[in-house]
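To keep things simple, chains are lettered A, B, C and D as they appear, and every chain counts its residues starting from 1.
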Amino acid sequence: FRRTRSLNAPSPIQQFGPCGRIMKNSAMVMTIQDPASQRLTWYKPPLTVLVIKKVRDAAVLQPFVQLVTWLIEEKRMVVFVEQAVLEEASLQASADFCTLRDRLMTFRDGKDDLTDKIDFIICLGGDGTLLYASQLFQQSVPPVMAFHLGSLGFLTPFEFDNFQEQVTNVLEGHAALTLRSRLRCMIMRKNDGNNVSVGVGKAALNSPIKPPSTFLVLNEVVIDRGPSPYLSNIDLFLDGKHITSVQGDGLIVSTPTGSTAYAVAAGASMIHPNVPAIMVTPICPHSLSFRPIVVPAGVELKISVSPDSRNTSWVSFDGRNRQELFHGDSLRVTTSVYPVPSICAQDQISDWFDSLAECLHWNVRKRQKHLD
Amino acid sequence: FRRTRSLNAPSPIQQFGPCGRIMKNSAMVMTIQDPASQRLTWYKPPLTVLVIKKVRDAAVLQPFVQLVTWLIEEKRMVVFVEQAVLEEASLQASADFCTLRDRLMTFRDGKDDLTDKIDFIICLGGDGTLLYASQLFQQSVPPVMAFHLGSLGFLTPFEFDNFQEQVTNVLEGHAALTLRSRLRCMIMRKNDGNNVSVGVGKAALNSPIKPPSTFLVLNEVVIDRGPSPYLSNIDLFLDGKHITSVQGDGLIVSTPTGSTAYAVAAGASMIHPNVPAIMVTPICPHSLSFRPIVVPAGVELKISVSPDSRNTSWVSFDGRNRQELFHGDSLRVTTSVYPVPSICAQDQISDWFDSLAECLHWNVRKRQKHLD
Amino acid sequence: FRRTRSLNAPSPIQQFGPCGRIMKNSAMVMTIQDPASQRLTWYKPPLTVLVIKKVRDAAVLQPFVQLVTWLIEEKRMVVFVEQAVLEEASLQASADFCTLRDRLMTFRDGKDDLTDKIDFIICLGGDGTLLYASQLFQQSVPPVMAFHLGSLGFLTPFEFDNFQEQVTNVLEGHAALTLRSRLRCMIMRKNDGNNVSVGVGKAALNSPIKPPSTFLVLNEVVIDRGPSPYLSNIDLFLDGKHITSVQGDGLIVSTPTGSTAYAVAAGASMIHPNVPAIMVTPICPHSLSFRPIVVPAGVELKISVSPDSRNTSWVSFDGRNRQELFHGDSLRVTTSVYPVPSICAQDQISDWFDSLAECLHWNVRKRQKHLD
Amino acid sequence: FRRTRSLNAPSPIQQFGPCGRIMKNSAMVMTIQDPASQRLTWYKPPLTVLVIKKVRDAAVLQPFVQLVTWLIEEKRMVVFVEQAVLEEASLQASADFCTLRDRLMTFRDGKDDLTDKIDFIICLGGDGTLLYASQLFQQSVPPVMAFHLGSLGFLTPFEFDNFQEQVTNVLEGHAALTLRSRLRCMIMRKNDGNNVSVGVGKAALNSPIKPPSTFLVLNEVVIDRGPSPYLSNIDLFLDGKHITSVQGDGLIVSTPTGSTAYAVAAGASMIHPNVPAIMVTPICPHSLSFRPIVVPAGVELKISVSPDSRNTSWVSFDGRNRQELFHGDSLRVTTSVYPVPSICAQDQISDWFDSLAECLHWNVRKRQKHLD
């Protein structure tokens, strides 16, 4: 019984009838492992752990102190936290935390480089913490274990109750792993010398530090009309071909992970994170027939303001770094080679369907009563 | 500049931070060629060609005779047609055809085996011809070149005008190839001895030839309530786990190819055929939150009538072989290893977007006029 | 402060600028009372009450016996039940019921005429009971009070707990009233003599009793493709004008009451029953742009099989009386002058929104957590 | 044969069974004429005509000059135009227009009062001109005749070709009339003394002229999150009762006329302008089950920022007068008694369906070909 694999081509078979073949193209051959079978292992034992906590949420404080204490004292790990966390008033008021404080390593977001310093990431508190972790690591991302403290999130599958047992389990390498693809987004400015990419608009030209020219998003990049009362007119290209023009509130380009975020609110179908795809969803399109589409991961999308559009557009990346897209500028989007390795609480399938039910009430309903 | 590929895992990179790795599982490793680069080649020159024409459409007659004559006389190919075609009254009335008649090879659908006899398939006339070709070849399918005669279809990208040039081109091996995945569907009957699969319901028990137990579909398998006035109650399992129950008119399990057929009418997003996925779309679900979902190709879906459902369900495969699904029966669906190799007129991307515009009027609209 | 009324024309004002007027047309003038203010009153005290109970539901038995006993003994009312109810095995097994039995009036559905015999209707058990009541009274309908026994229904707003107090209250005339409009549907047969309407297809021509030629529906009339695997092609006319053709699984013409039934599953918006409108919703239309529409109550819709359609259609009325619609036949639909006067548990607005939340989980969701 | 009317209550019948009645409430009784029969007449011959032309559209210039010349010279009418029109450079360059100039009456938008000065309005050029006309007349609106110059609009049904004949026809009183309901919107400010309504936010407090406190909209009032990256949390009340809370990009409250504007892009069904209703449509709601709803005209909606919302909202009226809605403020919306009397080119039904097809491509599609 031959069976296809979850992430591969429709078929590993290369022969069609007695004579037909796929033309060999060795540059395009790759060896991959079926993602459905992906599990985490450690090349060497993880020593450094970055703990990210939800900001301004009192409910996270106690678990945070508990977790960090345990990681340092029981697991003898080196714990990193963001500098700003130490300055939170509510934490400073915690007696338990004061003794802990000096044993923490800190970094400043946007100033210190974490590349190759972090072996493992633990998130506490909400989907936003994972988006933040994604944004900290613009290249390779260490494995992430994410706890929800209130109700289950799409990106935070673990319950905190018996965290010791669960973290120990993961540190020993027993866990399914979902590689959540990210989108690499580059803004090409018209007026920018040789049309190289820069990350921000006019406002930033005088800023001393050159901002990043590229953004990796875990959920989506959104192009909208911003504060303009008029519809956006946006041109969409795919691998260099003009595909369509968008007239409406805007356009969402999302990962499968992001398909259950803003895209689903705009009418998209929901895509399991193991599907190698990019979702393109219009926001309130003027055309009744503008249904969302799903294209293969790895294509390159180009988005620009239509030449005859009366106004510009605005771009934001996972809800951040909002900036204007002017006539002549373009946004390039493709799948990044650096996914976020997100550790499953159960497995890739169960985690996803559990969060569909919990977060979106997917098909939760009253049953039609059965007759006797 | 490293780039991901259109059909592979989110990333070919297997390392996450300094310590994290994907655990090696050699049984799950595969070597594939990026489908975006797939082109047709011929291992040896194709000699036999099966020509499938739309039935009962007068507009197809003349092109059919033209094409077959040319294939035999110019290309010296052996042409197969279905026996029933020779019996069409309108063809028998054609003088051109009568001289041709004896030079054709014929087969009878459901009786003669075409395996390994056909090198190449040409379809004339509509998406239905490709569905028919798919159904003829339940295992390996020879490359298919499909002409539309009226307007462009999703599965029939070629125009007939200069067919000689275009067929010659393809026979020389110059063509992009879309491998359209199919779904392998098996019905497991409760009452059927050792629960082995059989292909049809009670009605067929007396038929002399045991019908096929497995159906390959190119578009979709549909489970609906049939003539019952009551809602269907259907249980859906994925890789053995109960995922949800469907209360409504039914459920569509479709390939990416089928996402633009019945599924789109039921509200699904549209998926490019290169995306390795299966789409699950409810038909008029009783629950407002039952949005369609996209799961990875290669999972196994199991569908059965809910034990407490007051009525049974009906199943059909690409609109054919309709049969009842009783309490205790189940339908298993997964991606087949035998896709349909569909030859592109332009390329995989352009062909798809052209047919979205032409067949579904996708985002075709009046533009908001620009102010001077 | 002048205010418009909930069901009237956009404005009671008939003058537009210094000179413009609405042309007087006394035949079209009517005097109505704003439905938002409609309350039930009794011209004389109601004496006869029809009790309709859900069939084959054990949970309804005890309440049914309780209610009927109380109506007879305490309220001295004459209670009608359907003959078939008395024959239910489970009721006959009830000792309480046996003493009651002889004091009940009975009628046989389809044989006895209830016109002018019933002052008041009580339904026990589910939305189906109200659909049944609607069908019993094809002209004027007595006021209906409907109890749900499990969870709240769209048409069954009352809880049974303190039924004595609630029924007493209604009998004293204290209750808001929702007039639920119905649709009057007539099938005109092509082959039928002078093209007068008859209620059933060919199959019934030999039946001794002429079936009713007109159906009143409370939820919807559905035209679909029946068992045919091909799409329906249906022509839709409004006040004699061809409006559009439907290609898809079918078409739903529903009342505002029915907008939350099948229509909502097919994608319609939900309409409060006080809005004088008819909703037209396609079922899985082939066209992406075929959005549901809402037209004024009182228009006349005509629906027929398109002359070039390859197959016929099927019609059903509130899920009953399913019959084939042949080429040349037509279905006429308009708002009936006989609504169902449905007694509110609270008021017209609260009852509706409560059932949206309870039955459809309308906008029930997890709130985004507030930051401290 | 008794028939209901298009805009009235579900039934003119007030009796239900032998005893049930609608309780008389003379304060709530009204006499109206069925809107389906509404035709324009003139109390006295119209003398003054306001001509509104689309701004900055060169294609409108020539028709504008033609029309105005004809109205003055042939029809001897007094023509009003906005002062700003006379100052358009392109008009000043027109020789024809210069001789006309002194014979025009002008007014300044926002300064001069047009009440009782205008008998008739002609719009030239696009749906925006009718929105503008609506905004000029915050109380009674003279009859409006609207010409499209490019393609048919929802609000501009007349073709310009033989305008002389058509205008003459209307001036003689031969025309069907659609009364397009408007919504009366009031903003109640928390900090504003005795909580009386004012029309604008903080920014305007120092402005010398008190802006209007009330806005009449012909399409819709939109409440959205403005530039905030966070979801809006908006509470919705109906006749004083809390109905639901909106979490998403925002909320659209629209007239039937507006149902084919922004609301349809956000997923609403389309409502014929003769239906007395208000449509409530969420914009990209976080909840999958938040379907649009249609409530009776004449209810009062109240919308406010949820007390626990982290950010404020923004309101705009037919796309204008955008302003912030703060915590504690509220927006009241109900149907106005002053509709826009919009003159039909054909009739109320044909005009609407023609614009659905032309503007929204409603159900325009490729037909499935019929078999011979």
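Following the convention adopted for this analysis, a residue touches a chain if its C-beta (ideal position, glycine included) is under 8 Å from a C-beta of that chain, and two chains touch if they have at least 3 such contacts.
This one's a predicted model, so the numbers in the text were calculated from it and none came from an experiment.
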{"item": "Of A-C and A-B, pair with higher C-beta contact tally", "value": "A-B"}
{"item": "Of all other chains, the one whose Cα centre sits farthest from subunit C", "value": "A"}
{"item": "Recurring contact interface, reference C-D, options B-D, A-D or A-B [over half identical by residue number]", "value": "A-B"}
{"item": "Length of the line joining the C-alpha centres of subunit B and subunit C, rounded to whole Å", "value": "42"}
{"item": "Subunit A and subunit B: spacing of chain centres that average the CA atoms, whole Å", "value": "33"}
{"item": "Mean-CA-position distance for subunit C and subunit A (Å)", "value": "48"}
{"item": "Residue list for subunit C, restricted to those that touch at least two other chains", "value": "264, 285-289, 291, 360-362, 364-365, 371"}
{"item": "In the complex, subunit C residues that touch subunit B", "value": "226-227, 229, 248-249, 262, 264-267, 283-289, 316, 319-320, 322, 360-362"}
{"item": "Contact set on subunit C toward subunit D in their complex", "value": "2-25, 27-46, 116, 118-120, 140-143, 173, 177, 179-181, 231, 233, 238-239, 241, 243-247, 256, 259, 264, 268-272, 274-277, 279, 281-282, 285-287, 289-299, 308-310, 334-339, 341, 349-350, 353, 356-357, 360-365, 367-368, 370-371"}
{"item": "Residue numbers on subunit D that touch subunit B, as the complex places them", "value": "55-58, 126, 150-151, 287-289, 291, 358-359, 361, 364-366, 369, 371-372"}
